[in-house]
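For clarity, chains are labelled A, B, C and D in written order, and residue numbers in each chain start from 1.
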Amino acid sequence: MSAVAEAAATISQLRVQVSRLHAHLPAYGLVVWTAGNVSARVPGHDLMVIKPSGVAYDELTPENMVVCDLHGQVVEGEHAPSSDTEAQAYVYRELPDVGGVVHTHSPYAVAWAARGEAIPCVTTMCADEFGGPIPVGPFAVIGDDSIGRGIVETLRGSRSPAVLMQNHGVFTVGPDAKSAVKAAVMCEDVARSVHLARQLGEPIPIEQSAIDHLYDRYQNVYGQR
Amino acid sequence: MSAVAEAAATISQLRVQVSRLHAHLPAYGLVVWTAGNVSARVPGHDLMVIKPSGVAYDELTPENMVVCDLHGQVVEGEHAPSSDTEAQAYVYRELPDVGGVVHTHSPYAVAWAARGEAIPCVTTMCADEFGGPIPVGPFAVIGDDSIGRGIVETLRGSRSPAVLMQNHGVFTVGPDAKSAVKAAVMCEDVARSVHLARQLGEPIPIEQSAIDHLYDRYQNVYGQR
Amino acid sequence: MSAVAEAAATISQLRVQVSRLHAHLPAYGLVVWTAGNVSARVPGHDLMVIKPSGVAYDELTPENMVVCDLHGQVVEGEHAPSSDTEAQAYVYRELPDVGGVVHTHSPYAVAWAARGEAIPCVTTMCADEFGGPIPVGPFAVIGDDSIGRGIVETLRGSRSPAVLMQNHGVFTVGPDAKSAVKAAVMCEDVARSVHLARQLGEPIPIEQSAIDHLYDRYQNVYGQR
Amino acid sequence: MSAVAEAAATISQLRVQVSRLHAHLPAYGLVVWTAGNVSARVPGHDLMVIKPSGVAYDELTPENMVVCDLHGQVVEGEHAPSSDTEAQAYVYRELPDVGGVVHTHSPYAVAWAARGEAIPCVTTMCADEFGGPIPVGPFAVIGDDSIGRGIVETLRGSRSPAVLMQNHGVFTVGPDAKSAVKAAVMCEDVARSVHLARQLGEPIPIEQSAIDHLYDRYQNVYGQR
């Protein structure tokens, strides 16, 4: 197969995958209306596949996904891409290991973000998936690179695949789009459990050595190999 | 097509649209039983299409929608219209740009309304959709123009398409019924996130200039053009 | 039709209605597993139709409903009746206008019941449906008439069709089983809204004259006549 | 039928039962993604049937369940078993009356677990199902017998079929897998109701004699005999 045909085949598969992965967002209560999105890097190309802006989740199809370059310019597609495209493009440019990005406004995570407060690592699920606290990034408004820069700088200082952008919402990353969706689901679950725990007292801290042990095992042993 | 036939065709389309839009209300948890409704103005006519009173959401059809004039008198339909018809008719009379009105008792918004407290604008989603705090209108009982007047006076002093009526619930407006439904969904989401944030501390304020920037962009750039 | 055939036809219809009404209980989050039930009086006979004990909601059929007399003895049916049968039979014996009874452990209502605290009437929905606060009945254990007596004595002192039994759950009544289900749905919605309101401050009281006005209108004007 | 054929038939039935019972976990909101599991003892054999690790709930089939011995070694199955297999195997080894084990991270229960706080018995549902408070077990990390030992030691000191493992989640047991699933559902419901009650004050205690009465009746009279 020629390089061009191969890229087309990869994009075609990612259109299917990215459009379908969006179904997890409303199913897990991470988004309302059209306020969240999933994207995937096209491996080996400076391209990404992302949700069209303002289109309902039950109207997403492989065909209406948008292909952009890593500066957010549309390369292929009839629709305007998500308004978060520039921020996500920045993440793909700066973090070469990232293959998928998700953005949500999931309610418990937004509550932590509105106070500008990191979620402390007080459950084994948080240690497993995030390897420590879920960090907070800066307040940044849409329109230039400031959101993307805030995400990247915060993630570089952390093992967490999730960042809470202050007063805004959640961005998660992963080696592929499905991993980033999983991190978004887990982030809200942890945000909720720790919120509930804190409402009636102080959660018991977990020692750093136990966090390290749990994180290492979960990243390297869990699941099917 | 004659003017009469054109009006009939428009009403027929709005009966379909309004009956279907009601499905969002229980799906997003904004209502229980029959406690909420959607209406639409018939453009170019002093008429509105609204839910019948006390009928379950899964029994709504285009045929059982009720057509009223803008004083709430039934013009077409077998059923008694929603008991909120007079309030919504008042809104259509006074605010000519409003094409749709929604009423809910969504739980987090009702909590703010029961305290008579506006929802502060501390998330970017609130800035995007509401352009500032979500305001509270007066306590008013059903039976005369006082609910409608309270809605209109409160909305005139605000960029928000949503008002929390004290001790009561939410009324939202939009250029069409779908936009008003979206505002009702967003209102509950914001009411919940800010409620959760406030439970464990104080949310960080967003500067007015950032709110203005976000509101302007969202109203003018977001979505498909 | 003979009196016997007429009773049989009525029971047959109530078996269908009662078995179907149970679907609202899990759909509105009022129950988990098998922990709640609906019953209906057989009008003109000292009989009631009720859920079988410990059977899952999705296994309920008209055929497995149980017909009991108003002392809780099984008259017709292969299954043991709900363990709440005696309490509900007591209600039918003492309150001749009651045609339906519902029991749930809906979570926000149980929270008020566990503190032994009535729900104050601070929303128009509460005034509409309950005509004042939702009262609390005594702590009573299963096994004699004490639950039934607690329900009846509490309801006699109130306009509310719902009572929160201390440390236990909710019982609601109505002229028929569907009205009692509606009251159970509304009770949880009010319990939740007022809980949320109280978490961040004090709800504004509604004047008694406004409560009376709302209650009167809702009971006499709302819905289809 | 030979002993070998009989064991094979039992395992085959348990594969169906265990795979299907998992559907309750997401339906009741007890788990997200793949973070929870159900297992069953193979009666009369030192074997158990358990979920494969990291496989989505809607991809579970009788065929992909894993059969392990009671030291967690795979006896039959293409997949790696749940990472909780060793803990559950320990429970089956030490508690011969246990026929089913369930593990979840249900959010309200995790909140109590993160504070290391037992759930007080202040509702009749808690008395019925748990016969007293729901106890907390020690903090223990995965990788040796410490989770299993913590579960067993805590359950031995209690009538409760549920234990909250500190900073971690819930383990429940029962005479069969369905009973353990029921206990997991009830545990989260009780954890939520008591959490909500405590948010606005102190729940009223239930006297020990009443708890004993309720527990005895529910264990011996409730349901179909």
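Everything below uses one rule, namely that a residue touches a chain if its C-beta (ideal position, glycine included) is under 8 Å from a C-beta of that chain, and two chains touch if they have at least 3 such contacts.
To keep track of the chains, here are their UniProt names: A, B, C, D = L-ribulose-5-phosphate 4-epimerase.
What you see is a predicted model, and the numbers here were worked out from it, not measured in a lab.
**Q** Using each chain's Cα centroid, which is most distant from the centroid of subunit B?
**A** D
**Q** Shared interface numbers for subunit B and subunit C above half of all numbers used, same, or below, different?
**A** Both copies touch with mostly different residues.
**Q** So if I superpose subunit A on subunit D by CA, what angle comes out, to the nearest 5°?
**A** Superposing subunit A on subunit D takes a rotation of 90 degrees, nearest 5.
**Q** Based only on mean CA positions, could you tell me how far subunit B sits from subunit C in angstrom?
**A** 32
**Q** When the C-alpha atoms of subunit B and subunit D are each averaged to a single point, how far apart are the two points in Å?
**A** Here subunit B and subunit D have centroids separated by 45 Å.
**Q** Counting only residues that touch at least 2 other chains, which ones in subunit D make the list?
**A** 199
**Q** What's the complete list of touching chain pairs for this entry?
**A** Touching chain pairs, listed by label, come out as A-B, A-D, B-C, C-D.
**Q** What residues of subunit B sit close enough to touch subunit C in their complex?
**A** 32-35, 52-55, 79-80, 83, 105, 107-108, 110-117, 139, 141-143, 166-169, 195, 198-199
**Q** What does subunit D use to touch subunit C in their complex?
**A** 28, 122-125, 182, 185-186, 189, 192-194, 196-197, 199-204, 206, 210, 213-214, 217, 221-225
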